[in-house]
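Questions regarding the structure given below will be posed in turn.
First chain written, first letter: the chains are A, B, C and D, and each begins at residue 1.
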Amino acid sequence: MSQVGAAQGWQVRGWQVEDAQLLGAWRNQTGVALNLTDAEGKWLILADAASSVPLACLRLVGNLGLALPRFSYHVGRVVHAAAELGLFRTQTTLLLGNDHSGESELADLACSPDLPPQMQVAALTQLIEAALQRIRAQPAGFSERLMVELAGPLDEAGRAPFWQGLGAHFYAADPQAAQAKFGDAWRSHLAALLPRQTLYLSFLSPDAQAAMGQVGAPAQAAAEALKACGFGYAQHVRIDDGGPVWERRLGEINRL
Amino acid sequence: MSQVGAAQGWQVRGWQVEDAQLLGAWRNQTGVALNLTDAEGKWLILADAASSVPLACLRLVGNLGLALPRFSYHVGRVVHAAAELGLFRTQTTLLLGNDHSGESELADLACSPDLPPQMQVAALTQLIEAALQRIRAQPAGFSERLMVELAGPLDEAGRAPFWQGLGAHFYAADPQAAQAKFGDAWRSHLAALLPRQTLYLSFLSPDAQAAMGQVGAPAQAAAEALKACGFGYAQHVRIDDGGPVWERRLGEINRL
Amino acid sequence: MNPRDLLLRPVALADLPALERIAAASEHGISSLPNDQTKLRARIERSAEAFASLDDASGEETYLFVLEDRSRGEVVGSSGIAASAGFHDRFYSYRNEFVVHASPALGVSNRLHTLHLCHDLSGYTLLTSFYIDPAYAHGPAPQLLSRARLLFILQFAERFNERIAAENPGLADQAGQSPFWDAVGRRFFDMDYPQAEAVTGGRNKAFIADLMPHSPIYVPLLPEAAQWAIGQLHPVGELPFSILQEEGFDADTYIDIFDGGPTVEANLALLRSVRHARALEVQAEAAGFGLPAWHLAVNAERAGFRAVLAELPTTAQALAPDHEAVLRLGVLPGERLWVSALWPDASERSRP
Amino acid sequence: MNPRDLLLRPVALADLPALERIAAASEHGISSLPNDQTKLRARIERSAEAFASLDDASGEETYLFVLEDRSRGEVVGSSGIAASAGFHDRFYSYRNEFVVHASPALGVSNRLHTLHLCHDLSGYTLLTSFYIDPAYAHGPAPQLLSRARLLFILQFAERFNERIAAENPGLADQAGQSPFWDAVGRRFFDMDYPQAEAVTGGRNKAFIADLMPHSPIYVPLLPEAAQWAIGQLHPVGELPFSILQEEGFDADTYIDIFDGGPTVEANLALLRSVRHARALEVQAEAAGFGLPAWHLAVNAERAGFRAVLAELPTTAQALAPDHEAVLRLGVLPGERLWVSALWPDASERSRP
């Protein structure tokens, strides 16, 4: 079950009870503490081959959102055209939905904060490739698509411009406190307060528009690793900080 | 500019004036006659290396929908859940939009009707690979994504069940006649008559639901070739016959 | 039946057996009275609290009236008022909406009928629980039973909304199956209409509506039977519906999200009985001139509310203390009563 | 100014110079009269055709009235009617809508204000082109100018819709910049509000609306200045707006899609002037009993329509042929005129 990284002396293995203490202090690719308690799916741990100390981790979920609905905005386009006026404007739209229901997910991608950035990318790349190999070996429990959520950008004050421009108009309290209190459920509670019909991005503040779909700092290493593994932006963003959802089609894995 | 197919003695070349007569009789992957008159983009012709007679063709468009808006339905999901009742239903939704505006497109994928089916797949595969190579060589004029529309299924009477279940309620006349009369513009005229808000697939007839996103007969060879070249379903369907939109991310091309 | 024998008053605990009969007799989905003794008793107690409460309007009050034929000492009908639809939460309806979609190139312009899930009627005062013994359906009794509520609301306006609504039963077959429900609700709520009603019981429909689509329903996509059921009235609802229509309620805008029946609504002040309502003093020197006509007549009490049918001169400004209607209502000299012509159109004055 | 000197009548070609003055004086976006001689002449000609046409209602008719002070022989105001908003095409408005979004887990319940692009007012009859010389703004002249239109519509109801609407100017600064437009229209239509108005000119707004989003606008996402402008009236529109409000028009439901100004609407039959309207015969034996009160009084002609202010007994059923109002309106014995009390509330009867 475990592979050893040739160059670095790394090993990919499953969860061990003693990992919990160390991983409890890490933050994942969405900037929050790992969900160690009621997490669905399988953990993959990249560890030092000699000491077995964890250096990076991820959680592989077969079908997300089947107990707690998962929300995201689909990012679409609408053209408003009037030939007589020479007008042809393409508007970006946001529509709240559960488009990822039932898809497979890479969650809780995280590294030891002691690992230097380039090593983080290498470690995560190896871990993601291992996850893809696992899916290829046993495709039964997985869907056609593998998605991953990435953190959106924050401003100097630590607030997400996308949140300030959208969510904050519908929920006045602190989203980070709510995330800490409710965990993953926070965003399905939030969804009940958000607009249900198509939104036009141009109604948001310029900062929020610019932040939409951008990769924030906590997700930088993961994004590089995911790109190297064939993941890309999938026209969806997170409902709180506007961070992008990336995905790759699993059907292609068999072509590799 | 031209590549010779090693095995078959095939050659990929550009458009020649004398191709028009032959290609005028072909039908593309959406089941309609090729758009030879005001077609945007570049033609690629797969021809017999010896005789230079066309066997298959495609048209590569850098950025679609910038003059005439292109419409499609985005296929999304919405979960309706009530824990107290043990209810958790995932509904499929359709939203009319111009999501593909500005994307690159493979259009007018077609084969000589004289070519046997397996040869058609091989010819189209070679042609698509040639198109991807062309993009890799000169990525400037292309977007992040390359999309292609595929015909939806027809019933024995030659009508599309998806059309019968959706479009026909909003436009009573014959869609094939309208397509013949207006060409590509037909579907932007149609879009003005269709619902603008989210539709629930479950409101359509069972036949229409079953047909949505399925590949129809005119697109079978193209679909096989596209699959072999890394294309897959992109959660969008055509607004008339419900045929799927497939795509591949061009960013990945450089990784091949 | 003598119209002077009819008396409308707040329900009392002693009426429980009569209410049980009504609940059993009223057809499925038509009455909002539960066919269950315990629940009926609770309804009576809630109503008594509402009539008696001194402070106005928490909004959860439901008032229940019964119509008594005093010649037989029997309850022959019921009607009710819920102070605030949705009890300060959401009260859902579908609003009929029409949008025009046109394509000049195709030479087509369609007027599309859509149903728009809305909370427009949240907080409206609701008329509920109308039931009349069939033997009394053809006289003026249903008029008294339905319309006296409006004069009650008028007098205690601070407890009610200025806009009034009433749900009416939609089409359903004898097993309670509704074509509208089958085409709409069932897709989101995996059960029969009677089942769904039972599950929601007296609950706020908001609970169900959260399971329904929040984008408009395009009517052309519904099966024909469902399209036809939109805004259609179940035949058993015709009598109370026609009374509300004559009052001036609008029946074209809203429908029930479950069975598609018409939900009518109006501004209280514009309703016929309210526009023609006037207060009369009870005083010894009241003259009896003018042509007599039948009126709704109600006293000004809340817990002791009484409503009757009475013949009065249309021009009366006051009534004598010994006028038989004054005696039946128990209004004392110096006090007031409210009246409203039963058939305010002159040409109808001759009707009972 | 003597109220008896005021006469409202259809515009005539001879009024062109007066209309030019009005169009120049009326502020940007307030009057719907174009400040352009050729266009004004065309408007007058269209109006003359509408008043003269024998067959009723193609729906494209626009009727234009002028108010004359006969003591000076001068036109001092204008008002108009468009038979059918949108001319049988779509007439767009935003409808104010409120939805409640709640999360019990987060302990939050929000009432969200949304603007819903709709065609609800398509085909309504529109009151337009109100302008009064400021010197006449404080007397009864604006009442005559605005409300006589309702009696015209009442008499020729087959040419009009039973529902009436009127647009009112929204907030804009002196350069014509509108905070609502800046936040909404401009995002879809890349120009200033005055520019956009000029481009659309007299055209159907449907053309513009097709460029606007077809999903609701969530008001909390708009800049504060735009939120505040929703349903706000430009100060120059206060006088005509207040007259319509007193008539009973609803101002809370619809706003203009361009500047966010309130678009009022009502059922003709429920408007105050119409509810109090009555037809009087002109006959020799008419008695003159009763307290006199000021009334709107109009003759029953279409192309020869005349409206004046007149003092009549409130209980009058007929007027004598030599009554001064009958003479001013040119109504002959045996013919009818329509009147409606200027201040139907008794307490206001003493006003001019």
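Operating definition for what follows: contacts are C-beta pairs under 8 Å (C-beta built on N, C-alpha and C of every residue); 3 or more make two chains touch, one makes a residue touch a chain.
All figures in this text were calculated on a predicted structure; none of them were measured in a lab.
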Leaving subunit C out, group the remaining chains by who still touches whom. one piece
For the pair subunit C and subunit D, the C-alpha centroid-to-centroid distance in angstrom is 36
Centre to centre, by mean C-alpha position, how many angstrom separate subunit B and subunit C? 57
Between subunit A and subunit C, what is the gap in Å from one C-alpha centre to the other? 53
Touching two or more other chains in subunit C are residues 215
For subunit A, residues contacting two or more additional chains: 78, 196-198
Taking chains as nodes and touches as edges, what kind of graph is this: line, ring, star, complete or other? complete
Applying the document's contact rule, which stretches of subunit A touch subunit C when the two form their complex? 196-197
Could you please specify the touching residues of subunit A with respect to subunit D in the complex? 78, 80, 82, 85, 87, 89, 91, 166, 169-171, 173, 178, 182, 185, 189-190, 192-200, 202-204
Per the touch rule, the subunit D residues reaching subunit C in their complex are 89-90, 97-100, 118-120, 122, 270
Which bits of subunit C are touching subunit B when the two form their complex? 101-103, 105-106, 108, 110, 112, 114, 183, 187-190, 199, 207, 210-213, 215-218, 220-222
Taking the touch rule as given, give the residues of subunit C at its contact with subunit A in the complex, in rising order. 214-215
